[in-house]
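So, here's a batch of structures to check.
Paired with chain B in one complex and with chain C in the other, chain A is shared by the two complexes that follow.
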Partner chain A sequence: MSFTAKPVITVTYTFRDNDGKESTSEVLIPGATTAAAAVTFANALRLLIVALSDAVCITQNVILGYYENAIPTIPSSDIENKGVFLFNAANGLKSSIAVPSILEAVLQANNQDIDQTNSDVSAFIDAMTLGLSGTNPVNASGTDLTSMREAYKQNRRSHLSGRTRKG
Partner chain B sequence: MALVQRTHLVRLTFRDDDQTESTCEVNLASGVDLDSALTFLAGWRSIIAALSSAVCVASDLLVRLAETHTAGAGLDSDVTRQGTFIFTTAAAGLAVVRVPSIESSRLESTGPYAGIRIDQSQAAVGALIDALTNGLAGVEPCGPFVSDLVTIDQAYKELF
Partner chain C sequence: MPIDDLITSTRPSPFTSEDRISHTTKMVERTFGRPVADLGEVVMVDGVAVLGFKYADEAHTLAWRRQQNGAIFWYLDGGERPIVLSDSTRALARLQAALER
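And then the complex of A and B:
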């Protein structure tokens, strides 16, 4: 089992009309395209599409995807049992990340708090606060995450349409 | 009013033994070069997978732009009125590209298909078709099965 690049890169443009309704235009390009070339293409194509529409283009996404090419038998698990990690950002705001189906092995005896001394947990916290391969994660406004605030398990219902709910 | 770069988004999709899926996301600064972002993605996927009893089945890097001022749509704009461009592919298939809220002025104004068929003689329409069939900035668009878009087959207005 290994992660493999998807055969296509997806470029999407979302348009909003004067009633506030939104719709998306999608163009595919070969997965072998470099990331930088894909973005250059997306920027150029947007101008051509915008010229034909009287709505406003409000977002452009270039999605570089990978998939697991041999999904193993999935062990007992529940993606609604989240490991919630709250981080402090350099601008004073908080930022959270939820890990689906957090391993029970990384929980403390109270079965709720996450054991931050666990080596896999501390590797994750280091990656989030110190960076990984020279890249530092940030919050949604682009500010560095500086320290861990708290980490605990929380059950959150799934709202994916067409799939079974649990919990 | 301008499209500005947002943070890159790294997204992992996990699946549990009930086949239910959930995602885990982290932001990277917009200034991070894309090769570095992809390297981060691979490393981060392993670190997160070690904390979960579900299986990570997909991972994505989203390079995003967003409009800072979303007003300004034309009075006649309506995203349910779409320009549908159908292309033949090199593998003898078909692929569709849609343009939300196609301007009415881009449609033929006379003849039996007035108000329906997109006027391919217009320069702006021709430029889009040329970009999708011949490539743009060195990149050739393709269909879902990675087959080049070769020629325009039909282009018309649809309501959704």
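And then the complex of A and C:
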């Protein structure tokens, strides 16, 4: 059981037409390609694809995927019970991440607020607001996340993997 | 040793000493609104990254800890009395008040 790099890197381009409808094109390149080379390729190929379309290319993504190569027996859990972490960014805006099936052990006595003195919670918050391996997470505008605003449990509906909710 | 501490002590931290020094440096700079070099130097003391500085010719240390609700409290010279320095315009004055208590 380990996280393994996918054998391919996925490049996607999303186009929007004048009715507001969007469609995505996908190209695969070898997984051994460096991240920098993959971005260079994606930038160059975008120009070639854009030349073939009347629609407007609105986003490009280069995805270096990893996957669990041997999913173990999954313990009792519920991904609809999210641990919501809401951060402040240096530009005054907010950014959040929801951790599925948050452990009850990290909740405060009210069973809702997350205990930020818990060592695992604290390590996660430190990584998000102060950096990990030399990288500091940012919000959508590219500004460093700098502090916690709130951390609490919230129930949010999700979809079932591989089948419908009726399944 | 409480079992929580025992479990924590047997699990490796995801952070190196360099990470911890970087974290405390950022925390000091965000709190005081100025480069850490203006105040002192961040050093590791007993596995904790602290700000080492001099005030009235005496050496001091300042450490931070996150509270249950996420608030950051600071602790002077390894003490347990929390100091709140959250507003960078007043942080130095609050630190001075704590030093002179």
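We adopt the following convention: the second predicted complex is superposed on the first by the 158 of 167 C-alpha atoms of A that agree within 3 Å, B and C clash if a C-alpha of one lies under 4 Å from a C-alpha of the other, contacts with A are read in each partner's own complex, and residues count from 1 in each chain.
The criterion applied here is as follows: a residue touches a chain if its C-beta (ideal position, glycine included) is under 8 Å from a C-beta of that chain, and two chains touch if they have at least 3 such contacts.
Computed from a prediction, not measured in an experiment: that's the story for all the values here.
Trainee: Looking at the combined model built on chain A, do chain B and chain C fit side by side or clash?
Mentor: Overlaying the two complexes on chain A (C-alpha atoms) leaves chain C and chain B fitting together cleanly.
Trainee: Based on the superposed arrangement, let me know which partner A:Pro137 touches: chain B (first), chain C (second), both, or neither?
Mentor: Once the two structures are laid over each other on A, A:Pro137 reaches chain B alone.
Trainee: In the superposed arrangement, does A:Ala151 touch chain B (first), chain C (second), both or neither?
Mentor: After superposing on A, A:Ala151 lies in contact with chain C but is clear of chain B.
Trainee: So, A:Val84: does it touch chain B (first), chain C (second), both, or neither?
Mentor: Neither partner.
Trainee: For the overlay on chain A, what angle lies at chain A between chain B and chain C, C-alpha centres, nearest 10°?
Mentor: 140
Trainee: A:Ala123 contacts which: chain B (first), chain C (second), both, neither?
Mentor: In the superposition, A:Ala123 touches chain B and chain C alike.
Trainee: Check the residue A:Leu103 against both partner chains and state whether it touches chain B (first), chain C (second), both, or neither.
Mentor: first
Trainee: Touch check for A:Asp113: first (chain B), second (chain C), both, or neither?
Mentor: second
Trainee: Does chain B (first) or chain C (second) touch A:Leu48, or do both, or does neither?
Mentor: A:Leu48: touches chain B, not chain C.
Trainee: If you tally the residues of chain A touched by each partner, is the higher count for chain B or for chain C?
Mentor: Ranking chain B and chain C by residues of chain A touched puts B first.
Trainee: Across all Cα pairs of chain B and chain C, what is the smallest distance in the superposition, given in whole Å?
Mentor: Least C-alpha distance after superposition: 7 Å.
Trainee: Could you tell me which stretches of chain A are touched by chain B in one complex and by chain C in the other?
Mentor: In chain A, residues 123, 127, 132-134, 136 are touched by chain B and also by chain C.
Trainee: Quick one: which bits of chain C touch chain A in the complex? Just the residue numbers, please.
Mentor: It comes out as residues 4, 8, 11, 13-15, 19, 22-23, 26-27, 30, 65-70, 72.
Trainee: With touch defined as at the start, can you tell me which chain A residues reach chain B in the complex?
Mentor: Interface residues on the chain A side: 3, 7-8, 15-19, 21-31, 33, 35-41, 44-46, 48-49, 51-68, 71-72, 74-80, 82-83, 95, 97-104, 106, 120-121, 123-124, 127-128, 132-142, 158, 160, 163-166.
Trainee: Going by the contact rule set out above, which residues of chain B touch chain A in the complex?
Mentor: 3, 7, 14-30, 32, 34-45, 47-48, 50-67, 70-80, 82-83, 95, 97-103, 106, 124-125, 127-128, 131-132, 136-146, 160
Trainee: So in the complex, the part of chain A that touches chain C is made up of which residues?
Mentor: Against chain C, chain A makes touches at 108, 113, 115-117, 119, 122-123, 125-127, 130-134, 136, 146-151.
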